[in-house]
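So, here's a batch of structures to check.
Shared chain: subunit A. Partners: subunit B in the first complex, subunit C in the second.
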Partner chain A sequence: MNLTIFLLALFDGIAYAALVFSVAVGLTLIFGVMRILNVAHGSLYAVGAYLTATLTGYALALGFAPLLAFPLMIASAVLVGVLVGGPIEWLLLRRIYNKPEVLQLLVTFAVFMILEDVQRLVWGTQPYFQAAALQALGMVRVFGVNYTVYQLILLPLLALTLLVGLRFFLRHTILGKLILATTEDREAAQSIGINADKVFLVTFIVGAALAGLGGALASPTTSILPGMGADMIVLSFAVVATAGLGQIEGAAFTALLIGLGRSFAVYVWPETAVLVPYLIMLIVLLVRPEGLFGSPTARKI
Partner chain B sequence: MSEILLEARNLQISFGGVVAADDVSLAIERGKNLAIIGPNGAGKTTFLNICTGWIKPTRGRVYFEGQDVTPLPPRRIVRLGVARAFQIPQLFTEHTALENLLISAAAREQLGNPLQDLHRIRERAEMLHLLDMVGCADVADRLVVELSEGQRKLVDIAVALALRPKLLLMDEPTSGVASSEKFKVMEILVKALAEAKVTSVFVEHDMGIVSRYADEVAVWAAGRLQMQGSPEEILRHPDVIRDVIGEAV
Partner chain C sequence: MRKFLLTTAAILAAPFAALAAEKPAELRVGITTFLTGPASVFGVPARDAAEIIVEKLNAEGGIGGVPVRLSFIDEGAGAEALTTEFRRQVEAGAHAMMGAISSGNCQTLAPLAEDLKVLNLMWDCGTQQIFEQNDYKYVFRTQANATPEMLATVLYLLKVKPDFKTIAVVNQDYAWGRDSWQIFSAALKALKPDVQVVGEFFPKFGAADFSTEISRLQAMQPDVILSTSWGGDLDTFIQQAAQRGLMNSSTFVIPLAESSLERLGSTLPAGHIIGARGDHYFLHPERRDDADFQAFMTAFREKTGAHAIYPVFHMSQALAALKAAYDKAIAAKGGEWPEKDDVVAAFEGLTFQGLGREVTIREDNQGIEAQLLGMSVQTGDYPFATLENIMIFDGAALTTPVGQESVAWVSQLTPEYVESVKIDAYEK
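Here is the complex of A and B:
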């Protein structure tokens, strides 16, 4: 393997890991706080991508600068969180927190299926491609390898910001502490007057917005087409499970592990590229069923 | 002059054939410390749970400062000024003692700015003072898991006081505390309550504590309020000696 190939694989892996992490971190946050594995997370990712591509397309058609694509990504993420995530929690999930896990999985899977069809109704089955944001930032040359600034610098930087920001949010801010307190003991939280329903709603909106953000960030780098949500939920679940459910820093590590594993496989042994993330998960879970960073007793976030 | 703070009228509830509250009516005066005594299973805890909104009675009402709070969810009743501290301290064990109070204060203030640093909220000094009042200032920055049972009890009371309640309901505030520590814990507690001007109701099995710290005693048995009066009068009553004190000894 020469240096060029090595660097390409490395950069691909890092960029991909950054995307997967932003989706996976929302999944693990929701699970850590609400103990619900949200299969519909994949759809929220896809809707975020579609929305960003559509809004950016409109903005460009109206003559705005391509840089407007960035605020539109944030806007799409917020819209996904509030308009799609909010109702899911408020109408469905809060009715099933005390129900068996199988039922919870079925409900979020049903939401996933519904949202998949909604995407087909709204955006059709033709792939969308909107790379304005990617092109706006140009290329960078590293040791003779040309790579996009967007993927090599912006995405990892954002992922890192997300990791540090979320950690700070949970450990230091008032709202973060109320979320952790409610996670630890819902009844105790209510007995000091915390509105646990509201805390769960906010958490889910934040988690859903993170999925939307992942989609928004992915949109300039890939074709947006039906089924992308399914791919992403499976992969981000692999990341989350390998790290241990509810482990935020752990998810960053395993996203990198799986991202790099996948990208090196692409260059070295392409036939296995699809398989590698799950092989990593399988091996880890065989040795440590609670995940790399999880503890056997169901510790929360 | 006495003023009724909380009034329960004709409370009724059963759990699977066991009557936990049978036509219970009780008025709690502002500024008093009321002790509730009675054998296990008499419905003492159920009464506290009804007052705090965790259990809804099938019949009867609870009025707090004249307002009917029976249908309200627990968190709304807390906001009106009824706090509780239970047998097993309900603390967030992976946070420090001070953080537990800060979380309580933040919940009370309904988050002005939800992204503010919890450690920098205005109420920090007030919370440190509360910890000092319950004699736990030295463990403010220790995780709750590292505290002794007695310290946890006191921190739990401070967490409840952080809500600035008018009424504090306590289920066996000294249970789990070593008997040599019981009076010390109660002493701190009663002093803190007086300083914060909080009316209290506490379920207690130790008659020494009841006679020393209660202004009034209510006797429970089989879901019914049997009698209510001053500690001198109640603790000398032959029925109480036979049914309640006899069992406690």
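Here is the complex of A and C:
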């Protein structure tokens, strides 16, 4: 393997990791705060993608510039967070925080199944493709290989911004500190007057919006079709579990690890590309069952 | 002994055979198709086509005066639900079944249909193995299989781009992706031994991202890139490859892309080799001026808002075969309604025509179907790529001879074979 190939694999890995991270980070945030593994995250991702494609399609049909696709991505993410995420927390999850984990998992899985069918009802089964945003940014040529600016530069930058922004939000804003406090000890937080219900609702909306944003960012690069959510939730879960549930920086590191592992596999031994993310997860969890960055939890009783 | 038993059975059955079966109030046909899942890109248009065709057929008096009633089974529900529903419909008195799209489902349903002694037309599945590994009495295939499809693709490639040196493949990682590459590469090796395979990629079925494969392919710069992928996978791969300029440096050979043309719109550049799993194209050069063809295409567009793709043609062939077999059996009985076995017998050597050229059923129950390939071109007549430099290959020379195994047969072909296949060429 020469240096060129090495660098190419590196670029591909980073671009892929950026996308995976933007989805996984919402999943791990929700788990970190609410201790709920939200399987419906995959659907929120898909809805975000569908919504972006549809809105961009409308905007283009009305004659707006392709660059409008970027604000529409944010808009779709917010819509997913507020209109889909909000009701899920408020109507369903709120009732099951004290129930066994299996039940929580089943409920979010049920939501996932329902949303999968909702997508079919609304958008049908034919694949959508809406690449205006990606085309608007053009390409760069590196070592004789064309990359899209969108995937090679914008996505990694956005992922980095997301990571830094989320860190800042949690450590340096009031709301972020409230979230952290509630995460640490919900009862203690409530006893000093923090409205834990509200914190949970906000967290879930933010987490859901991040899933929607992941879908929105992915939408110009891929066909949007039924089943895309299922694939993403499995991969994000691999990332989140390898990092340690609830670890945001860890998710970034693991997404990079898995992204690079996958892209080097395609260059060196393509047959194993599918296997690599899960192989990494398996090895990490065998050595550190709590994940790379997770700490063993002390049982309260 | 076997012959003795058969003869005895025949003698015992003789008095009954002369009696006509009672004419049913309706001819019930069960069709398995994908209504959910990724393959619904094929299954849903095929169902719509079946409904259009049967509506017209019934308006014209049905089959032998009996109206046809269709019921659909979703292949997307899984093999178990599929076999249960298939069995249920047969036991409830379905006169004929049509299954399936998925090769795996065909492998499951063919022996089941044989057990249930019900006529089953494999109307879309591609696996060449079914009749090469087993003999069936009740199961027929009303179209070609993977072997002629891949062989025609190799021939077209050799005709239009005889000097290429290197090829890479990007197929879906499941039975079709692997099997089609096995046949294609065996044929290529036999017909053009100096070609070098520089890369083999089998991304997972339903993969959403081919960026890494595309980077690697750009670094390799193969002359030709083959992909037998379909549906969302193919759309994604073509979109990503086109975005990154890979389609300017390599010629793509995409044997199932006819079914993606309309969805890909202006993305698919000119100069890539497009196949259609048979002579299936909504602008079929030999059929597009025919009134029945035009009437169907108009009706299909009105109903679905889209142009017809190959599963629609496959569906038309299976329904045409059913009608032709019944008509033939009725004629053989002097106008009386035929028994089940009379209809099955009528399939021997049966010739019928759907929306493409005529198809003939061979003695091993395999259909002989022509293959159409062309080169993509953006003319501006449609908001998507159409075909030019079309070649229609005669099916008989492409189909593995009865009793032989496809990969072995394809492997022993010689470069002279290329010139021996009958081809009709059309500019567009």
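In the analysis below, the second predicted complex is superposed on the first by the 288 of 301 C-alpha atoms of A that agree within 3 Å, B and C clash if a C-alpha of one lies under 4 Å from a C-alpha of the other, contacts with A are read in each partner's own complex, and residues count from 1 in each chain.
Note that in this section a residue touches a chain if its C-beta (ideal position, glycine included) is under 8 Å from a C-beta of that chain, and two chains touch if they have at least 3 such contacts.
From a predicted model like this one, the values you see are computed outputs, not experimental measurements.
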{"item": "First (subunit B), second (subunit C), both or neither touched by A:4", "value": "second"}
{"item": "Which superposed partner A:181 touches (first subunit B, second subunit C, both, neither)", "value": "first"}
{"item": "More subunit A residues in contact - subunit B or subunit C", "value": "C"}
{"item": "Touched partner set for A:173, first subunit B, second subunit C, both or neither", "value": "first"}
{"item": "Contacts of A:127 with subunit B and subunit C, given as first, second, both or neither", "value": "second"}
{"item": "First, second, both or neither for A:138, with subunit B first and subunit C second", "value": "neither"}
{"item": "Touched partner set for A:270, first subunit B, second subunit C, both or neither", "value": "second"}
{"item": "Residues of subunit A defined as touching subunit C within the complex", "value": "4-5, 8-9, 11-13, 15-16, 19, 120, 125-127, 129, 131, 134-135, 139, 143-148, 151, 218, 221-223, 225-228, 231-232, 262-263, 266-267, 270-271, 273-274"}
{"item": "Subunit C to subunit A touching residues, read off their complex", "value": "36-38, 40-41, 44, 173, 199-204, 206, 208-209, 211-213, 215-216, 218-219, 231-233, 235-236, 239-240, 243-246, 263-264, 267"}
{"item": "Contacting residues of subunit A [partner subunit B, same complex]", "value": "169, 172-178, 180-181, 184-185, 187-196"}
{"item": "Footprint of subunit A on subunit B - complex, ascending", "value": "52, 54, 73-75, 78-79, 83-84, 90-95, 99, 102-104, 106-108, 111, 113-119, 121, 159-160, 162-163"}
